[in-house]
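Two complexes follow with chain A in common, the first pairing it with chain B and the second with chain C.
Right, the complex of A and B next:
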């Protein structure tokens, strides 16, 4: 078997603040192969975006990667910036959440899309711009309405996100990371952008790492997911398996708390049904407990949960994909909704 | 049913557009095209729509922050734009707002006590300091924050706690109506559920009415009795929330409901339309025809010729479509 395209093994992202150090992302094991679609789900502070930035080599200062982060057989952790540049944008590309801030306001969209090809593939301006034109057509921004000399401020949010996608796929990357690509968009525009991403992945065979907090988006877009909480993966497996079982109480709680879950909950006879909120808040990264970090909020907590951090144990295997959950007392299959 | 806490009648709000030259006629953009809503006391009405649909403008008009060009906003039977300053000050005690961004809507240099008591300071002059502190303690308790929070600053709180502070500030004048403009969209799912539950508890305890603006259909479904769907400044469908979302009649509502990604739906299997996506635009004029016709899959000649009126689907449910 050949090595997977992306492999994280015991990867942590370490933040140094003054004299203390803290792991923002802890001990992540993930693999992603060409043509696969992986979703990473979690709330703010779960470390999902930091995992993405670690792969892109774009971590903020004072943060560094520990452990293994192999891309196509090469360890990217600690790679010098000059060498990283030959990966970033060329073989690994990223779509950011905010198309308003991620695009350069003083450069035309044509120049921004062509930049990658000129830089990485050494194309001439004319060739790169011809290619940029084709890319804009591909993402649904046809000429003459959407010429290369437009500036980001002349476009709507959805159109800007299309430009972002054109930039990201310009050099035909092997891995596409999308960090909340549709969070800032209206639902109907979101549906268009997801359709576009879906088509592109199908056509090009690029691997997709989709980061989102929306359980609906992840369910429609991915084959495998990893649910993160307080810097760790707490449940991972095939998307349909994870949704069907939700072995970790946090995964279950997250679903029950979302209004999607409320629609499925049995209606009470009297009054408006309440949402199943998860009590408490996510622990501060500087004060994460030495036991299960969800124990304080968990409805199924047992004495041993307060003693050690549960490992990401195998609970099932379906079509060669392992279903793992970091819980001492994984839940059994949910009652089908 | 006489207890209508909020009624707007044919609200029209226009913004002047920049003139291309000083000789050209002043053009304007009509953001609200005669919006009429009604909210019964103790109930909640959701306003959903996409960005640019005018839902926040409607909220601002209801709050007395944007005078409409025509139409009326009546809160507890009083037209708030017809009141004088003193009368408006008196009326404002009856309606308060919660805003979207719990980071931007609290002054970072004020203590929570100052923030929460500000509505009484400005609307109920002459309230003693002891009385103010008593009321602050009362609302902090109501929103589930410890009393010690009163002397802290906003930066010491998480997003969900800040939104609780914003709710406490809205409650302190003991209003009957709360206008909440995207109150939970900046919060994480698990915290969002806590805040929504709190709002439902308070509604039952205090008999509050909510005008609840959101783009998130799931959230609106969870907290509202009735919903009005806005599209380009018009209400295109209005009715009981669960009925409208389960069986939408207007093509725009149908598109909106269908576009929400749902868990358990498996991989995307969407019927792709061949027409390129179009963004409908606001029109300054009140030209004839349905504003949704440009993108509507059920368009007929009639849609372009005649603006549809709101037609009843059931006595409590109406849709603004010729073919609903």
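Right, the complex of A and C next:
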């Protein structure tokens, strides 16, 4: 078996605030093979976006990566900036959440798409623009309606996100990170953008790391998922298996709290189905407990939950993919067939 | 774009006309009869009346305005009361001093401001930022004439690199003229650069926090690449606004600086005309200065359209 494309081993993201340090992301173990699709889910503040930015080497200033972050056999943690630049956009690309502000308002979309190819592949302006034209066609923005000399303000949110996607795939990266790529878009446009992403991944064989809080999106787009809570992975496995069992109480809560999950779950009472909110709030990163960080909000809490941090234990193996959960008392009953 | 420029041109002409009316009326309400000034306090009333007729001062005010502005439009500004020569002849050689001085000061101000502003923004919170912005803070507080005196002491008297005053003229070649303008241009431009530099710094810091900078970095641009290719072009929009506003300060500054360096320019002419109550000359020069400020702001509007496609190109 060849080495995975991306391998995080005991990776943490440390934030220094004054004299104190805190791990925003703790001890993450995660692998991603070439062409594989991985979803990372969790609520705001769970550390999912920071995990993505850690891979890109674009963490905010006071944060740094500890542990192993191997990309194609090379440890990216502590890689010199100049070398990192040759990975970004070339081999690892990223699509951001806010298409309205993620494009430069004073540069034409053609120039912005062509920029990466000129930078990494040394193409001339003419060649790179020819390629940008082909990319725009590929993401569903055909000429003459969508010319290279358009500016972002002349496009809608969905069209801008298509431009972002064209920029990201311009140099045929090995890994595409999409951080909430559809969250800011209308529902109908969301589906179109996801279809486009799905298509492109299928065609190019690029690996996908999809970050979202939308369980519907992960279940459609990914083969494997990792559920994050308070900076840690608390459940991971094949998407189908995780959805079927939801071994970690937090995963169940997340599921019950989402419209997608609630629609699948059997109705318990007659009348309008209600979403179940998870009681309590995510612990502040500076005041995370030394035991299971979900214990205070957990409906199934036991005395031992308040004594230690549960390791990410193997609970099942399906088609060579391990299903793991960080819970002392994983749920057994299936939630969905 | 055409209608954008057309609209701006119309407003340029109208603003200039309004400015000319205000200047003209101000000159009328100023105390002091030019004829009395020219002939002396003890002049014969008949002679004064004759001079009034000769100067057209016996006409109603609106006739005099129309007469003046009509000539102004075709470039006939009338006669200077003190020099008894057409004002146009006074202007010619002086514009060749003031215009290069203004442009040079502007260029110094813009280049220095962008250099220190971008440098400080890129090194925000570090020692370099503190030092550069500390110097700029002092620069904001320094009046240009005091800086001019310091420059004369250091670069003209002590080091003898530049002349302390006077203008060598352009007849001896570009360098001979430029040589006498360098010290005045720095004295005029640097205090403006201090203000503009602070504006540049905060504009660049603001754009560096935008999402599209992160996009540029995700594309593989270095920190410096994202700064110069993506942050600075966006930050230039507020900077250009301030450049337009500073132009009027710059023209006011030429009046002072031309007097300090004894340069035969428009500023010095205005100063002398005011002192000698040469009202026709004053109102012509002030209107011309107002027109040039308005023109510069028109150019600023055009530059906006170029810098920010959102203004010159319609939405979807």
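The rule is simple: the second predicted complex is superposed on the first by the 321 of 337 C-alpha atoms of A that agree within 3 Å, B and C clash if a C-alpha of one lies under 4 Å from a C-alpha of the other, contacts with A are read in each partner's own complex, and residues count from 1 in each chain.
Note that in this section a contact is a pair of C-beta atoms (placed from the backbone, for glycine too) under 8 Å apart; a residue touches a chain by one contact, two chains touch by 3 or more.
Quick caveat, the model's predicted, so the values are computed rather than measured.
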Original post:
Put the two structures on top of each other at chain A: do chain B and chain C fit, or clash?
Top reply: fit
**OP:** Considering only the touch criterion stated at the top, classify A:93 as touching first (chain B), second (chain C), both, or neither.
**Re:** second
Original post:
Just chain B (first), just chain C (second), both, or neither: which does A:277 touch?
Top reply: first
Subject >> Touched partner set for A:300, first chain B, second chain C, both or neither >> reply: neither
**OP:** Using the superposed model, determine the angle chain B, chain A, chain C defined by their C-alpha centres, to the nearest 10 degrees.
**Re:** 70
Original post:
Which one hits more chain A residues, chain B or chain C?
Top reply: B
**OP:** Kindly classify A:217 by the partners it touches after superposition: chain B alone (first), chain C alone (second), both, or neither?
**Re:** first
Subject >> Touching partner for A:156 - first (chain B), second (chain C), both, neither >> reply: both
**OP:** Superposed on chain A, how close does chain B come to chain C by Cα atoms? Whole Å, please.
**Re:** 8
Original post:
Which residues of chain A are in contact with chain B in one complex and with chain C in the other?
Top reply: 156
**OP:** Flag every residue of chain A that touches chain B in the complex, lowest number first.
**Re:** 43-44, 140, 142, 156-158, 186-192, 194-195, 198, 213-217, 219-221, 223, 240, 243, 253-255, 257-260, 262-263, 271-279, 281-282, 337
**OP:** Using the touch definition up top, name the residues of chain C that touch chain A in the complex.
**Re:** 210-212, 214-223, 225, 229-230, 233-234, 307-310, 313-316
Original post:
Where on chain B does chain A make contact in their complex?
Top reply: 50-51, 158, 160, 188-194, 196-197, 200, 204, 215-219, 221-223, 255-256, 258-268, 270, 272, 276-277, 279
Original post:
Contact residues on chain A for chain C in the complex?
Top reply: 56, 58, 81-82, 85-90, 93-94, 96, 98, 101-108, 115-116, 119-120, 151, 153-156, 164, 167
